Every structure is written in structure tokens, then in C-alpha cells.
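Reading through the C-alpha cells given below for one structure.
The chains carry the letters A, B, C, D and E, assigned in the order they are written, with residues numbered from 1 in each.
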Amino acid sequence: MTADAFLFWFLALITIGGASLVILMKNPIYSALALVFTMCGIAALFVTLDAFFVAGVQIIVYAGAVMVLFVMVLMLFDLKHEVEAFSKGRITGAIKLATAGLLAGLVMGAIFYSSTAVDTVITKQLAAASGDPSKQLGMRLFTQHIFAFEALGILLLVVAVGAVALARSKGGTHHDQR
Amino acid sequence: MGQDILEITINSVKLILIFLMMVQAVPILVWLERRGSAFIQNRFGPNRVGPLGLVQLLADAVKFLTKEDFAPDKAVRSLFYAAPVFALIPATLAYAAIPMSTPISIAAFEAFGSTWGPYLFRVQGYEIGVGIVFILGVSSLAAYTILMAGWGSGSKFSLLGALRASAQVISYELALGLSIVGVIMMYGTFNLSEMIQAQQGPFQFSAFGYTIASTVDWIPNWGIFYQPIGFILFFAAAFAESNRLPFDLAEGEAELVAGFHTEYGGFKMLMFFIGEYGHMMIAAGLATTFFFGGYGIPGITAQELQQVIVGWGYADQTANILNAVLHFLMYNVKFAIFLWIFIHVRWTLPRFRYDQLMDLGWKTMLPWALANTILTAIVIYVVAA
Amino acid sequence: MINADFIVDVGISHYLILSAILFSLGMIGVLLRKNAIVMLMSIELMLNAVNLSFITFSKYNSHIDGQIMVFFVMTIAAAEAAVGLALIVSIFKRYKEVNIRFFEHLKG
Amino acid sequence: MDHTAIVSVLFASPLLGFLINGIRRNHHSANVAGAIGSLAVFISFVCSILLWIDLQGMAPDARRIHVVYGSWMAIESLKIDFGFWIDQLSSLMILIITGVGFLIHLFSVGYMSHDKGVAKYFSYLNFFIFNMLVLVLGDSLVTLFVGWEGVGLASYLLIGFWFTDGEKAAAGMKAFIVNRIGDAAFLIGMFIFFVSFGTLNIQELNSMAPTIMESTWFGIVTLGTLFLFGGATGKSAQIPLYIWLPDAMAGPTPVSALIHAATMVTAGVYMIVRLNPLFIAAPNTMMVIAVIGALTVVLAASIGIAQNDIKKVLAYSTVSQLGYMFLACGVGAFTTAFFHLMTHAFFKALMFLGSGSVIHGMEGEQDIRKMGGLKKYLPWTHLTFMMGWLAIIGTPGFSGFFSKDEILWMSFHSPRGHWALWVLGVIGATMTAFYMTRLMCLTFWGKSRVAKTLHPHESPATMLIPLFVLAALSVVGGYVGIPHIISEILPGHPANILEHWFQPIIKTVPGLVAGDPAMEWGLMGASVALALISTILAYQLYVKNPSAIERFTQKINPIYQLVSKKYLVDELYFGFIVNPIVRLSENLWAYIDVRFIDKCTYWAGDLMKGSGSFVRSLQNGNLQTYAMYIGIGLVVALSLVMMR
Amino acid sequence: MTSAATSMPIGGIIFLAIFIAIFGTGLIFLARAIGGQRKNNSAAKRDVYECGIPGQEKKESKVSVKFYLTAILFILFDIEIIFMYPWAISFRDFISSGMGTPVLISMGVFVAVFIYGLWWEVKSRALEWD
């Protein structure tokens, strides 16, 4: 087994284990921490795919920002006394599980089916000739995708305004119906 | 991690060494801090145990080890115990990415019946192409340590301290991240080694098609001359990131006792200390790298020094190693100066109020960092035109 | 199918299958967990799984656009998390709980 | 500067003015808002001049600038660009729009100085200018239509500017709805052309036209141009859709001058001139246009005689003058139509602004029966208004004379003309002379009937300067298009500049031959004489002998009533179109709807209710259940894809 | 770079992280072994520190929403800053390839939006602490 293959299987184990913990842990804080773990694993997978910059951004944005927010909210509202972790209903539960399982199975089937026709081993060099992939990303982002970039700027502004407005609201969507 | 078993071993040992270096640096820093503070405040400080009180470090470590391991009843034990361990990880991971000297190249040699090498060992944990992004990302994970400790303690003071500290850390991360955009623009790379390379040699730059160079050799081509505002912002933000005075709001004794580690004691406490000092070291290392030429020696480039050493009569291989040692010393001098500034500031400035702190981060440093970015962009654009 | 080659020769299909598994795990989380915040986290997990396949294809096709898409997805995900959490917090302020059943006002 | 930059500034300037004034709509300073608005239009005016100068420098048959900003839509064969076309015609048109527009902006600064919504007002005006430019410069019918709708919107907003007054808001809505009818026709026309020619680019359409000559009534070109003309009747207030224009006088007077006299209402004429090769190819359409134009001339002029509101008189006069332009188009004298458009823009804008000055001086009074003798209070207004009056009644030497007389001659002489059209035109001219003189008499001359409490005052300089400029233009504006017959007797034989300028792009109707000079002189003399007689008559009646008119109207009271009630056209429309439709719909509702359709819907509703109560159990409001449905759908879709 | 070299840092990072985790856990256990854990602590000792008074068990958390608002704003601005990184790194290349002006303008627009957002947050007092 080569180092690369070992790394992949190790990271696959970490990510799948972390993801399983996310959905299995009763305490949402543990779920969140498991998700941080998973995201770091995914970032490492990005590195094995030569996406260095995106891996760094994954850590900064997901692990360092988004999940901090989640953890902070969970801690702020101190949700130890959770009702029940999973929704009720055995039949719907079974259907839901089956749906997710089938989806994964179908995708896997498709991959196996097509991988007989396509070369499965990833070509190792990512356009190595054209220089630093981070620069390449920048060049492409600010030429081809410039409109999306500006639109995201506006989106972030709108979200900032909206989130502040929401966070300040008194809470609740309707009058209490209980 | 390497090509063959020797390289893997050396690289692993290197990593462990870096970690141990960080760990052992903490007692020294603690001693320095206590002596320094005493000096500043006209006291003696620890001076009984050993010469200049140097053995005090050992005594402290032993004292920490022998303390009772205690967790309050309300603590969430898993997080309570995991937090100090995790406090070590981000700091060390980030620090290991900072280059501390010129790489050492070892020519191929014969041993145990086979050919080994050639090797290129870097005096750093690992060379990363997107170094800055990696360091920023990893050090942003430090917020979890704080939150885990604060929440895991099950104490209100701890939680409030943790929330304050993490809010502070993330707020200043913005200013920190933005203050180095100008640096990235200057050097056009995320790689720390390449940045140091760019800062080698005497001061010179080109503008409007002319090359402007200093007439004196020893004025170095350091980033501080191009990014003074960026440096000030970066350094201030780094202070806040490491949770030290004047930014140690999380542990404002009068309000919050000791912040998120109120419930901690003994060795667990020491591990938080290591993490905190680790952040200080990262800040010092990064400031050195971005703005003060990294391991570079003013007045002479690494290649020139290599030539000089070869001229003294050493073989290339030996000269290479000597060169690396000299650069490593240079790095440590700069590094130590910054650490001393950290300590000095801590004992000089009073603590902020929390609203002042947040105002400073959001309403002063962020706009200034933005202004610095815009200014840099425009200058680069105009000068290159 | 599962043989030594499959373990040693890590290729595009491995990454894609991993991505599919992570996606399904996230989906299970969304479908089954009661806690709205955990549901949001599961959605993040699904997005991450998709990102992984984006990067895989980017590598496979030697084209940087996949990475740029991931960049955009991350932005959207962060925006979504910000707004989603703001909503959940406003629900929490009212009911002191974040059970998903408090979002059930739009029923037939 | 290259052309793209100039055109960009041309468009950006009023758009920016619109945005700035729109954003600061709550500021009440007329000077600032007016300065921004006027400056924006002035910059456009300068750009127009620059473009016109550039065109001058080009070879006569290559005078065109095509600016394309990019593709707007490209769906199979439908390709529409953000393209703008500047040639002899559109460059002159934008000169008129921005030039007259600038003067009217300037006038508005004084006129609207006391209004709270002055910033809003100027932002609308700039919006109008922008859209008018789009309309005029658009290189395809779609772009033209965008401007067409845009000016409609601006017109609606400005008619209902004082929307707190219900009647004025209603006038705005009336204009909008009546225009909608025309717009529907215009759209149909566009569709017809797209289906049959596969393009909506104006130049391409024009280049295809010369090979066609349709004599049937149901040919593609005839139908298409008829529908386009239908759109023009809406925008340019021709029979049967002219009814909105008099009501549109509810807006501020400068708006009436700019939109409802000088520019927007002439858009229909412009459109026809723009597409002249197509219209030439459809003689039947041209005949319709000519007849409707001539009828409008007479009808509107006759209503104008009996109106007492100073702006209403001018409004009907506008309708009537627009009728002349259509008459000219209809007989194939496109150059002359544009010529009249231009002179009309000068003198009618002048008269509207003059009336605005009067209204301003009379502190809002619009009824001419309560004026009279204003000459001594408003000397400058009187003087400039008189220039407009001389121009419109066709006094030889003034601008209106040249254009109107050319139209009359062409309607008689052109192969598409007819003596009956000439007769109608001359009747219209006679009536025009009469009611305009009446307006002059009642407003400025004779005895003062002004209420004792009112103290009429002359307007400030910002309002008078535009009047002077326009008055000068009204006097000399006609000399760019001196008819041949007159130029022959003038020293130096000045050429017909306008005809020369338009020659490369405006086609003449086939079969046009040089006319008999004696005949032309005769006809001209006849029409001038008739106009002179009616002028003197009006003067006699309204100044010298006011009691005679009293007796006269008494004698023909039924007719007078009919005319002063505008031939009851509004009532007719209500009686024969609106009310029957309402009654029909009521009947439909009572019998078909309630008894049949409702039953069906109830039955369908019950069915839906039944099935809905089943489906409702699926929609339990639970997010996760919904997510499950999505998942199941995904699985099904994926399996279907996989199975193929 | 060979494939081994590209995966080297990631291997090193993982190795170091695992090493520290094990090392740290070992230290914790070592400290426990040496320092020991006393049984039968008094209730006062086992309670969390609340300035010496008995701990209050009121769950009504009155924690300011500001913390979480700050975190939200942090995420959004952080992403905007992250967007500047690829721009910053390739800015010189853009200039040398003659595309400096459009790229500078597009980032100017983005930064203008950023500044407006910041200004709005300051103006709406979302960043006030009291």
C-alpha cells in the first residue's frame, strides 16, 4: 500500500466516522465538534487532490468560522436538556433511512458502472505547467466568474443586514399557538 | 512524508523537536516574563532557585505535575479534559509551518549497502505552498479550545469568559486576515519561504520602470518598509489573538475571575499556558517572516553567506549546515526581540474595557486594514503602470 | 470488485463514493434529527460532500473551475448558516427549544 | 472621443440625473433639483450636437453611427442587441428632444419652484428624456418599443404628478390605458413583421422593403404597418385614440409642453418616418393614415374652437397639428412630416410654455374667459406667444407657414394625395387660424376680465429665456426647409436643407413629378387668404364685437354645445364601447358564469377538495417529511436515469 | 513536485496533530498518576467557582445576543476577506497581463460593498457593546 492510498483510507475513515458521530451524538455540541473534525478531514482530502488553497479556505471558513458560530450558539443557549434526538415514527424512519441508503447505493452503482469504462486512477498532475494553482484560481475567478463574485459580495451584504435584523427580532414566527 | 525511511524518520523527529522546542520555550518565557515584569516594576522576581532563579522553571513544572487532578461536578468531563490537549494542537501546527532557517541539502551518500538521498531538509515542520492560509486556518481553530474549556467547566464565569474570549479572537481575526492582504499583494504568494526569499538583499524596488535601490548595503529589503500600517495592524491584532494584555479581557479578574480557565488547575492549566505562549510565538514568528526578512541576515543574502563560508575553507556540505545555523540564530534573535516586546507591552499597558476592545477591532482596525489594502492596491497599480 | 487493486489504486471513484457516503449521512441527519441546529449542521455536511466531488472532478478534468465552484458553495453555505441560525435563534427566544416541530406552521 | 463614449454619456447623463433626483426625492430645493436635471439634459444636448457634427463630417450616404453595447437576447433567429442607430433622422430628432427638453427643464425650475415634489418632478423628466432617447435611437423595433413604453410610463407619472387630486390621477390612468390599446396594436405589428421577415432590426426591415409593393388589403406589409400605425394613433393621439391627450393637460404645464406637444406625441410620426420604406410599400396603409390624419385635423380643430381652458385649446391644437403630420406621412411627404414635427415642436412648446407663464402669472387660473388684456401685465410673454401664434396660423415667413403649406401642397399634388385631403387640410388651417386668434384675443387682447383680487405678474428670467429662444426658433426654424417654389423667387435661391439632408434615407413615393408652379402658387394663396380671413373674423368677433359672438353661439346653440362637449366622443366611447362591454360581462356573469362555469368549478373544487384532503396528509408541515419526499424523488429520478 | 512531496505536508500535519494529542493525553494521565485524585471531596469543593457563594441553579440564561451577532458578522466579513486573497495573490499577474484596470475596478466595487456593509452595521449599532 502506498502512502497516498494509506492517507486516503485513513482520511476516509476519519470523515465517515466523524460524519456518523454528527448524526448519532445526542448532545448537539458533540455533533458540532464531530463536524469540525469531519471538515478538517475533508480539507485534508482536498489537499490530497491538490486543492491547497481551497483546503485552507475550508478550514478558515467552515472549521474556523461557520462551526464556531454553531458551537457558540449551542453554548450560548445551553441546550443540555434536549427533548429527543431523533424524530418519532418507525415507518417513516425506516423509509427515510432506506431513501438515504438507496441514494448512496445508486450513486455508488453509477460510479462502479461507469468506472469500468473510464480510467479510475486520477491523473496526478493538475495542469502543472500553468504555475501556482492558487494564482490560477485567482486569475480564473476574476475573469470568468467576475459577475458571480460581485453578486456574492451583494449577497453577503444582504445577509449581514438580514441576519442583524433577524437576530434583533423578538423571536418566533407566529403568535404562540401552544 | 518522505521518499524513504531515513527521510521519514528525520522529518518526524524534526516535527517532534519543534513541538518540544515550543513546550520547553514556555518555562523560559515564563521565567523571562516574571523577571522582566519584576525588573519593570522594580522588584526582584524569582531569584532564589538556581542561578538567576533559572531553575525556578523546573520547580514550577514539578509543582504543576504534583497538583491534584480535579474536575468540578458540573463539568462535562470529556470536554473538560480534552480542551487543554486541544489547546496545544493549533498553536504547534501553525508554528511548524514557519521557516526558521535556510534549507539544508545533503548530497547522496552510501550506507548500509544502498544509496541514500540526496535530501533537502527544511528547518521548519513542513513546507506548505499556501502557508499563510494554512496558518490562519489552523490558528482560527483555537476558538474551539476556549469554547470547549468554557462550556466544559459547567461554570457561568467560564462560559462567559469563553464567549468573550472567542468573540474577541474572531473579531481580531478579521483585522489580522485583512492586514496581510497587502503583504500577499506585495509578494504575490502565500508561501512563507518565497516571501523570505523576496526580502533578501539590500533595499530595492522598481517603480514606473525605474529601479530604486538603497546606496547602503545593510538596509535590508524588509516588508516593514513597504507595509508599515500593515505591520502595526498585524502586530496589534496578533496581541488580541493571543489573549494577552492589553487584550486579556477574557480573564478580567474583577469581572470574570480567570475567564474560561477558572476551573482549571495543575497541569491542565499549564497546557493552556503553553497554548497561549504558542500563539505569542506564532505572532512573533509571522511578524518576523512577513515584515523583518524572516531568517535573513541584513546586508548579506543566503547565497552570499554560503560563498563567504566556503571561502573560509569549509566543504560545501558543511558550509551549508553552518549557513543554516547562522540563519537560525538570526531568526531566533528577531524572534526573541518580538517575544520581549510582547512581554514588555504586557507590563506596560493597562487592560481595555470590553466595548473599547470590540470598538477597536471592528471600527478602527478593520477600516484601517481595509484602507491599507486599498492603498497598497492603488500604489501597486500606479507604480506598475 | 473489492480486491487488492481497489484498495491500492485510489482513484476518482474512491473519492466519489466517499462523497456519496458523506452525502447520505448528511441526508440521514437532515431527515431524522429533531434538533434544528443539528439539521443545519447536516446540511453543511451534505454541502461538504458535494464540495468533495467538485474538487475530485476538478482534479480529474485538470480544470480549476471546480475549485472556484467550491469557493462559491462555501460562501453560500456560510450565508445560509448565518441566516439559518438567526432564524433558529429567534425561534429559540420564543419557545426556549430548537425542536424542528416549531417550524410546522405551514401545514395543510 | 469615440462615438461609443459620446452615446454612453448621452444616455448616462439623464439616467444619472433621474437616479440622483430620485434618490434625493425628499429634498425640496427647486434650484438644486432643477440644476441637476437641467444639467443632465444639457450634457445630452451637447452630446447630440457632437454626434450631429460628426455626422456632418461623413459622406452624405454613409452618415450613420451604429453603437452596439452587447447582445440583449438571442433566441434562435431572434437576435436583439443593445444597439443604437444614429443617422440623419435620429440625430436631428435627439437634437430637438434634448434641445427643447433642456429649455423646458430650465423653464420648469421657475415654474415648479413652489412645489414640494420638485426633485421627483425632475427625476421623472430626466427619466422621460432617457426613454425618449432610447425610443429614437433604438436600432430595432424592440428597443424602440422599450423606449415607447418608457415614455408612456413617464407620461403617466407626470400627468398624475399631482396624484392627490383624483381627477388628475384618473387622467393619468386614462392616458395609460388608452396608450395600452395602441401598444397592443404595435406589438401585433411587431409580431407580424418578425414572423414574415424574421428580423426586427429597423435597418434590415427598411432594406427589405423596396422590393415589395402591396396593393391588397391583407398583405403582410399592409397589415403590419396598419397595426404599427394603430400603435402610433395611441401614442400620437389620432382618431380614434386621441381622447387621452386633452385630459393629459392635468399635468404640470412644462410637461404638457415637453411630452404632450413637442416630443412624445410625435413618436408615432417619428416611427412612421423611420420606417418610411415599409410604409411606402403599403399604399393602402398610407391612404388610411392620410385619411385619419386629415379627419383628425378637422375634428380636433373644430373642438378647439369651443374650448375655454387655455391648455385644452392648445391640446386640441396639438392633436390637429399631429393630424397634419400624419396627413403628410400618408401622402408620402415624410420629409415634410418631419419638417412639421420640428417646427411644431418649436412653436407648440413655445405656446405651451407661454401658457404656463400665463398660468403662473395668473396664479393657477386656466380659464380664458377670466383673462383678457394680459398684454400689459405680461409683455414679454405676449410678445413671444404672438410669435408662436403667427407661426401656427401660417403667416408667410414664419416657420409654420413653410411646413404647413408644404403639407397642403403635397396632399394635393402627391400621387398618393387627393383634392379632398387638401380641402380638409385647408378647412383645418382656417379653423386653426380662427381658434388661435380667439385664444390670443381672449387671453392677451381686448378688455381685462381678470378678477380684481388677482394681480397678474410677469415670470422670472429663467422662464422667459426659454420663451425667447423658442420664439426665435419659431420664427426662423422654417428656413431649413424652404419649398422650391419659394426659393426660386428668393435672392440666392437657398436650397431646401432638410430635404437635402434626408435625401439618402427617406424615400419618395413612386410617381412623384414636379408640380405646376402656377397651381402651387394658387393653392398657397388660397389657403393663406382663407387663414387671413378667418383671423380677421376672429379678431372682429372677439375683440371688436364681443356681443356678436354671444348672439351667434345662442343661435347655433345645439351645435355649439356639441362642439364644446368635444362631440361627446368620450360619452360615445362610454355608451357604445365601455358600457356595452360592462353590460355584456354582467350578463355573462349572471347566466354563463353563475349557472355553468361556477357549477363546473364547484364540481372540480369538490374533486380537488376530496383529493386534497388526501394529499394534505402528506403536507404535514414537517420539514423532514418534505425532505424525505425530495429524497424519494431523487431516488426515483436517479433510478430512471440509471435504467436507461 | 512529486506526489510524495505534495502529500508530505499533509502527512506531517496529521502526524504532528496525532502526536500532540497522544502526548497531551499522556501528560494528563501522568499528572493524574502523580498528583492523584482525592475521593470524598466536600460539596463546596466539587461545586464550580462562583465567588465563594453557593452556585445558583437558575437556567434563565441572560447571555447577550451580541456574542452570536458578532460571530455572524465575523463569518460574513471573513468570507469577504478570504475573497481578497486570490485577488491579492494574482493582482500583479493581472497587471502584467494588462488586465489591471478591470480587476482593480471589480475589486473596488466589491470593497465598496464591503465598506457599505461595515458602515451599515456601525450605523445600525449592531457593533455597540455596553
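The working rule: a residue touches a chain if its C-beta (ideal position, glycine included) is under 8 Å from a C-beta of that chain, and two chains touch if they have at least 3 such contacts.
Given the structure is predicted, the values throughout are model-derived calculations rather than measurements.
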item: Path length in the contact graph (chain A to chain C, fewest steps); value: 1
item: Chain at maximum distance from chain D, centres defined as averaged CA atoms; value: B
item: Pair of chains joined by more contacts [C-beta pairs], C-E or A-B; value: A-B
item: Length of the line joining the C-alpha centres of chain C and chain E, rounded to whole Å; value: 21
item: Rounded Å distance between chain A and chain E, as computed from the means of their C-alpha atoms; value: 17
item: Separation of mean Cα positions, chain E and chain D [Å, integer]; value: 64
item: Chain A and chain D, separation of their C-alpha mean positions in angstrom; value: 60
item: Residue list for chain B, restricted to those that touch at least two other chains; value: 1, 128, 133, 159, 163, 166-167, 170, 173, 177, 188-190
item: Residues of chain A whose C-beta touches two or more other chains; value: 3-4, 50, 53, 57-58, 60-61, 64-66, 68-69, 72-73, 76-78, 87, 96, 99-100, 103, 107, 132, 134-135, 137, 141, 152, 156, 159-160, 163, 167
item: Sequence positions of chain E contacting 2 or more other chains; value: 4, 7, 9, 11, 13, 63, 65, 67-68, 71-72, 74-79, 82-83, 85, 89-90, 93, 107, 114, 121
item: Inter-chain touch pairs (all); value: A-B, A-C, A-D, A-E, B-E, C-D, C-E
item: Footprint of chain A on chain D - complex, ascending; value: 622, 624-625, 628, 631-632, 634-635, 638-639, 642
item: Complex contact set, residues of chain B against chain A; value: 1, 79, 128-130, 133-134, 136-138, 140-141, 143-144, 147-148, 150-151, 159, 162-163, 166-167, 170, 173, 177, 188-190
item: Touching residues (chain side chain C, partner chain A) in the complex; value: 1, 7-18, 20-29, 31-35, 37-38, 40-42, 44-45, 48, 51-52, 55-56, 58-60, 62-65, 67-68, 70-72, 74-79, 81-83, 85-95, 97-100, 103, 105
item: For the chain A and chain B complex, residues of the former touching the latter; value: 3, 29, 33, 36, 40, 43, 52-53, 55-60, 63-65, 68, 71-72, 75-76, 78, 132, 134-135
item: Chain D partner contacts - residues on chain C that touch it in the complex; value: 27, 30-32, 39, 100-101, 103-108
